[in-house]
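Structure provided below as structure tokens; questions to follow.
Chain lettering (A, B and C) follows the sequence in which the chains are written, and residue indices restart at 1 in each chain.
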Amino acid sequence: MIALLRRDLILAIRAGGGFGLGLAFFLILVVLVPFGVGPSQAMLAAIAPGILWIGALLSCLLSLDRIFQLDYEDGTLDILATSPMPLEALATIKALAHWITTGLPLTLTAPFLGILLNLPWEANIWLIASLALGTPALSALGTFGAALTVGLKRGGLLISLLVLPLYVPTLIFGAETVRRGAEGLPATTPLMLLAGITAGTLAILPFATAAALRANLR
Amino acid sequence: MSIWEYANPKRFMQTSGWALPYLTVASAVCLVVGLVWGFFFTPDDFRQGSTVKIIYLHVPSALMAINAWLMMLVASLIWLVRRHHVSALAAKAAAPVGVTMTLIALATGAIWGQPMWGTYWAWDPRLTSFLILFLFYLGYMALWAAIEDPDTAADLTSVLCLVGSVFALLSRYAVNFWNQGLHQGASLSLDKEENVADVFYFPLLVSIAGFVLLFVALVLLRTRTEIRARRLSALRARERAS
Amino acid sequence: MEFSVEGLACRRGELRVLEGVGFTLTPGEAVILRGPNGAGKTTLLRCLAGLTPPLEGKMSFSPDDVAYAGHLDGLKAQLTGAENLRFWAAIYGSDQIDTAVAQFDLEGLLDRQAQHMSAGQKRRLALARLMLTGRKIWALDEPTVSLDTQNVARFARCVESHLATGGSAIIATHIDLGLPNARVLDVGPFKASAASDQLDPFLEDMI
């Protein structure tokens, strides 16, 4: 399993665009927002938590269709499915690899982008905490969406349609945590709920992902 | 005899073919009676005026929007556990009906909201969760449409329906939390039917019955169409093979 | 231990392709699958490997005894030969990399990324994976595609040594591998008849 994780990470680095693409997209999105809504500092500070979270969400979406597609096309997925590794483990590792290449860098860079949006400094701790706790759920749900569409030629758009509604609870609690943090209100409650959703998602989704893979490989 | 006999397509076609005309007539009668009674023979509400009468469309369609999803959930479970094809096809058939009900509920809600709250749309928890439900329906239908092999499509959409149900429910509670978080004590709550006086209540019951019957009739009709489509593709496949 | 398959029926997409497939496989024996294109050789192999569940029938072994190699090589273009092999060795928990490298003469390919290899070289790497699986039954789908005569002979020797250690193999191929202990199985007779080409009672009931 560690071999699979290491392989996926090496591939992400060598194939190019694995780490950097999502991050660059996140940056561009955040830079574009002030052009759209105007440069007022107060306005930007008010919408910063939401923009940062939606940016993280969309950056996660960007690389979802590659999670299984490449392995499916070159026959690796067939062989992995017949290998001693259970498909549930495969699903978990794939989600973990996706998180390391997208969720983790997003979490680490979000505070710097928060500066651009005039996010209050005290909110950063909540921003990092909510992204660190929330993005694993985004990766697990995204892996599920990728498994549903692995047999399709152009599944990219469909993944977004399937996965984005599933992101709603995570987005709500994540952004709420940061918003409360920015306003100096106690933000532990939404953070706990966010962590709960992530824990539940990580526990259940690998089974759904494995079931979808099995149906698609038949 | 067991209920599973209806999972046999022949049996299902026979029974549904027999029941469909009765269901159609019954739903038409209930709808006409309920709506005419509600629209023309009930007094105007002293606060809301005649706008209250949209309740006879709004409440039943909202009810069916949720129940259609529940029906899809049950049908998906039956497909996953017992692999009855009729069940999978019934879930597929229910989705467009459900999405239409959701749209009716959203549209009538907006029309009602304009005179009542002064806006067509507010991010009230109830409204928002219906919008999210609408998105779930769209994803479900798109997945059915995208996958060619019918059994694979049935498997994948069933798994999506299960996962989607959990997350739709979570969204419902998340939205509640989110909106309270925004403005304390939101005042945009609808009168529940418990609060509605009897004059409004009975025609409402009749039109709810009409919507339920309409839903059942439409789903049966669409399931029959799906079964016939499956039969056609099976015959074609057989022709190609021989 | 003898492996057997009884009354197996397999599907491909919506079609029932094979039915009543039965054969036994003794250790040290290879079965060569023959049959025209579309007869269901690939379908049968995928079924034996557990990728497509059979519609009916019994297999005396679990899919975990089967090492499957299909048309696709299952190599990562951006990884070198050695990295590809090490990955599969880790997945199967094997320490046989050196043997596999020697068997298929892969020494020169170890440091080269798979995207810079020829089709035949990639095939050799893909076949070397079989030796890492440590599984009793090899289910191979056209394994000699894009191999030259010399490497076909290499592959045949590899299968021979697998058989000599008590393994078995089911190989769909059209060329003569010259295996000493091989039996030909024609899948033609197992073609699902037109009268019963439905997948299941559901379609049967409908038509």
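Rule of thumb we're sticking to: a contact is a pair of C-beta atoms (placed from the backbone, for glycine too) under 8 Å apart; a residue touches a chain by one contact, two chains touch by 3 or more.
Remember, it's a predicted structure, so these values are computed and weren't measured experimentally.
Comparing each chain's Cα centroid with the centroid of every protein Cα atom identifies chain A as the most central.
Most remote chain with respect to subunit A, judged by CA-atom centres, is C.
The mean-CA centres of subunit B and subunit C are about 48 angstrom from one another, to the nearest whole unit.
One simple way to say how far apart two chains are is to compare their mean CA positions; for subunit A and subunit C this gives 37 Å.
Taking the mean of the C-alpha atoms as each chain's centre, subunit A and subunit B sit 31 Å apart. Under the contact definition stated at the top, the residues of subunit B that touch 2 or more other chains are 151. Those residues of subunit A in touch with two or more other chains are numbered 218. For subunit C in complex with subunit B, the touching residues are 13-15, 194, 197-203, 205-207. The residues of subunit A lying in touch with subunit C in their complex are 2-4, 7, 10-11, 14-15, 73-76, 78-85, 217-218.
For subunit B in complex with subunit C, the residues that touch the partner chain are 8-10, 84-86, 149-151, 227, 230-231, 233-235, 237-238, 241-242.
By the touch criterion stated above, subunit B contacts subunit A in their complex at residues 132, 135-136, 138-139, 142-143, 146-147, 151-152, 155-156, 159-160, 162-164, 166-168, 170-171, 173-175, 177-178, 181.
Subunit A makes touch with subunit B in their complex at residues 144, 148-149, 151-152, 155, 158, 161-162, 164-166, 168-169, 172-173, 176, 179-180, 190, 193, 197, 204-205, 208, 211-212, 215-216, 218.
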